[in-house]
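By letter and in written order, the chains are A, B, C and D; residue numbering begins at 1 in each of them.
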Amino acid sequence: MAERDGDGSMTRRNKVVADFDAAVAGIPDGATIAFGGFAQPGVPFNLIAALGRQGAKRLTCIANTTGGAHKPRMPDIGMLVENGQVAKVVCSFTAATRASDMLPFTPYYERGEVEAEIVPQGTLAERLRAAGAGIPAFYTPTAVGTELAEGRETRVINGREVLLEYALPVDVALLRAHQADEAGNLRFRRSQRNFAPLMAMAAKTVIVEVEEPILPAGAIDPDDVHTPGILVQRLVAIPPPPHGIWPVRREVPAR
Amino acid sequence: MAERDGDGSMTRRNKVVADFDAAVAGIPDGATIAFGGFAQPGVPFNLIAALGRQGAKRLTCIANTTGGAHKPRMPDIGMLVENGQVAKVVCSFTAATRASDMLPFTPYYERGEVEAEIVPQGTLAERLRAAGAGIPAFYTPTAVGTELAEGRETRVINGREVLLEYALPVDVALLRAHQADEAGNLRFRRSQRNFAPLMAMAAKTVIVEVEEPILPAGAIDPDDVHTPGILVQRLVAIPPPPHGIWPVRREVPAR
Amino acid sequence: MSWTRMQMAERLAREFEDGWIVNLGVGMPTLIADVPLGDREVVFHSENGVIGYGPVTPPGQEDLHLVNAGGQNVTLLPGAAIVHHADSFALIRGGRMDVTVMGAYEAAANGDFANWKVKGAKGGGIGGAMDLAASAKRVFLMLEHRTRDGSPRLLPRCTLPITARGVVTLVATDLGLFAPTGEGFAVRDLAPGVTLDEVRAATACPVTE
Amino acid sequence: MSWTRMQMAERLAREFEDGWIVNLGVGMPTLIADVPLGDREVVFHSENGVIGYGPVTPPGQEDLHLVNAGGQNVTLLPGAAIVHHADSFALIRGGRMDVTVMGAYEAAANGDFANWKVKGAKGGGIGGAMDLAASAKRVFLMLEHRTRDGSPRLLPRCTLPITARGVVTLVATDLGLFAPTGEGFAVRDLAPGVTLDEVRAATACPVTE
């Protein structure tokens, strides 16, 4: 990819790219990619679809879930798995929350064709933040005493056993935001925010599909920015449906 | 103090108190108090003055600086030191940045009447956040190889030596915000934000002086909240000068 | 006559105190957001960074940008705030949740519980459960007293991989409300018409009054 | 004829590349925000969470809610953003600063430097210096080549407590621009009329061309 690590500037450098295919161009085989989203809000549907067309292989995919248990199905990591692009996922769910649901990802995992690392959701968020914050490791009470902590380093601090967790760095973050300005400053709407600011911190390259037309630099009040533009490299405005993919009412209203 | 740890509710419980003296009522001797502010923006001048009147003793004071090297002098931790209220400070400065300036705090420190722990500013911010985030300790590259790391625990992660730092919990945070609603949601203006959101996370009780009239719950868009109201217990609106203390142009325009 | 799920939700909600911050997990616990609380006001927190949400939106009025932990489109109450995931779990890990209410497969007399992995599965679904279980002030569980084939879910020790050790405060089932005692479960309430003997027959460890 | 402080600032600013994120420390480095950069655009970051600030405000037009690291009231450029202190230092520790420019008491041939504690003092002033020094991609220093009593500030090893080990990229003084080599300093530029011999006489370790 063209950008240096952490490359960015305020206004003159044009961060807006023409379309989703241009946005994901150059993502190499073997990349570690973080995908925003919790349930539907914040999932970069259009960028996921473009990554499927782009075809990068042996990807490590980081997200809350691999998706796919809902109707209608939207572009998700499960599709990249089905497409043979994924070597490993790092998620807080590797199975659906209802035993009766089957994630598209799960059979690939059970056959050993895709690796998975299951991480508690708060630990996942904190590990992403740590990567972005230059904190190589931290201790947490989460998962102590569980199967996830077996064989791993713990210590007692203030009388409580805590588990050592490492930062989770990311090559590319694919995000969906509500608003952006040309400097790359982002705003998310409601629970669309979820993991996005943390993935932007953790990633070398941040690519964002944006729901509203890209604003001129300065149109977002500096106090109202959720993710500062210096973390963001590529922006693409989402066209109206059917050219752009937008959230739809789910037929099954539970995650 | 009346509040339980982390006590809070959305709207019905009235968080607005009548004046600054009511706001600091009940802060006990021996409390650990964090003070917002970086240079002038965000310093809770009125609450500091009220804490001086209130008289709590043997305080541990956490802030970026103890203040007092500037003209005109504004209420600061140095005044609480002069008032005999302070046992210890935790700051990123225990001396002025110019050798020619003398902080009011410094002679007390040099005579051994007040203890001090000097902490790099980013580590201070991160230790406060960690306390609020239930992270008891973390590793950082900051201060490795310096006098501050002598005799302390380090380890090598990814080829780099990093230092173990512990969370810094707080009993009471005294903050200044620009806007607040009755649910305690806060907004800060420009660089007034600085340490405030982290101190609010780290503290059991958060007391805030507010520059604009307290808004009804719901007047701040949920996407625009900087510190969620569930972290905030007491709000007091700052009256216009001379009854309220407001920032003034400094005679010496450097920190 | 055993409790319906809604009655289980109502019974647990009676335990809430005014001013509590309440986290509701996926599934049955989401019913609690619809229970009237009278004079008591609690703030509902959802792991995805929503603080102060209200009932599920009626069909056709959904805000597709806003879901609770279960993926349901919900409303925001005046005074609500949105934070990102790390701040949301900072509130959880930082001990700000007065209670978390979760579904579970098993609850044990020693306070352990299991809700993320079923027997024989290679993977599972943790979500925020381990973070919530480790750090909320209280852990309330909602589950059917027995599995579909009649096996007890209240056990001396969990047989499934646990979510956290020794954290369960209260367990609501279709038969009643119970608290783990270390050796067994103490009855806090029984569904109307349910007898202690019935509960004992359906439970794999001692049940005391 | 040695460089003025403004000339030192201008010389260091010539090293900036288009697109860099630049952190300016208290004191002399703040002069750099006023240096014209021509075609190059850099973003100034201040440790207190200000991203994208511009020149110091003229007297009477100050925004008292907005200061840079030196406590000066500054302006914001279009595209600026404000973050809190932990996020600001996340950017620093996370390696997002292409360069940090700081004042210093001493710079050493081995890349150490000292800028937080003077001789004999009990305390000091660290501010964000240790975080910036440990994690910025480049560390530029601005200091007078000698102390007021004529002692050299460019040394084989620091005599004062150091801020970070082995991190210094470039040192601008009134005499020129230098890079530590391990054994001494290499001249990158000299102030007009300043000779290599003058620099050597004012420096406590080898100076090479």
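Points worth noting:
In this text, a residue touches a chain if its C-beta (ideal position, glycine included) is under 8 Å from a C-beta of that chain, and two chains touch if they have at least 3 such contacts.
In this text, all values refer to a predicted model and were calculated from it rather than measured experimentally.
With steps allowed only between chains in touch, the distance from chain C over to chain D comes to 2. One finds 36 Å separating the Cα centroids of chain B and chain C. In this assembly, the C-alpha centroid of chain B lies 28 Å from the C-alpha centroid of chain D.
Each of the following residues of chain B touches two or more other chains: 126, 129, 133-135, 140-141, 189-190, 193, 222-223, 226. Shared interface positions of chain C, defined as residues touching 2 or more other chains, are 76, 82-83, 86, 89, 92-93, 135.
Every pair of chains in contact is given here: A-B, A-C, A-D, B-C, B-D. Put simply, chain A touches chain B in their complex at residues 126, 130, 133-141, 157-158, 160, 162, 166, 187-190, 193, 222-224, 226. Put simply, chain D touches chain A in their complex at residues 18-19, 21, 41-43, 45, 51-52, 76-83, 86, 89-96, 98, 135. The touching residues of chain B, counted against chain C in their complex, run 4-13, 129, 131-135, 181-185, 201, 216-218, 222-223, 225, 228-231. Chain B meets chain D in the complex at residues 38-41, 64, 70, 92-97, 99, 106, 109-110, 116, 118-123, 125-126, 128-129, 140-148, 178, 189-198, 226, 247-250, 253-255. Residue ranges of chain C in contact with chain A, taken from their complex: 26-27, 30, 46-50, 56, 59, 62-67, 69-73, 76, 82-86, 88-89, 92-93, 117-118, 121-131, 134-135, 161-165.
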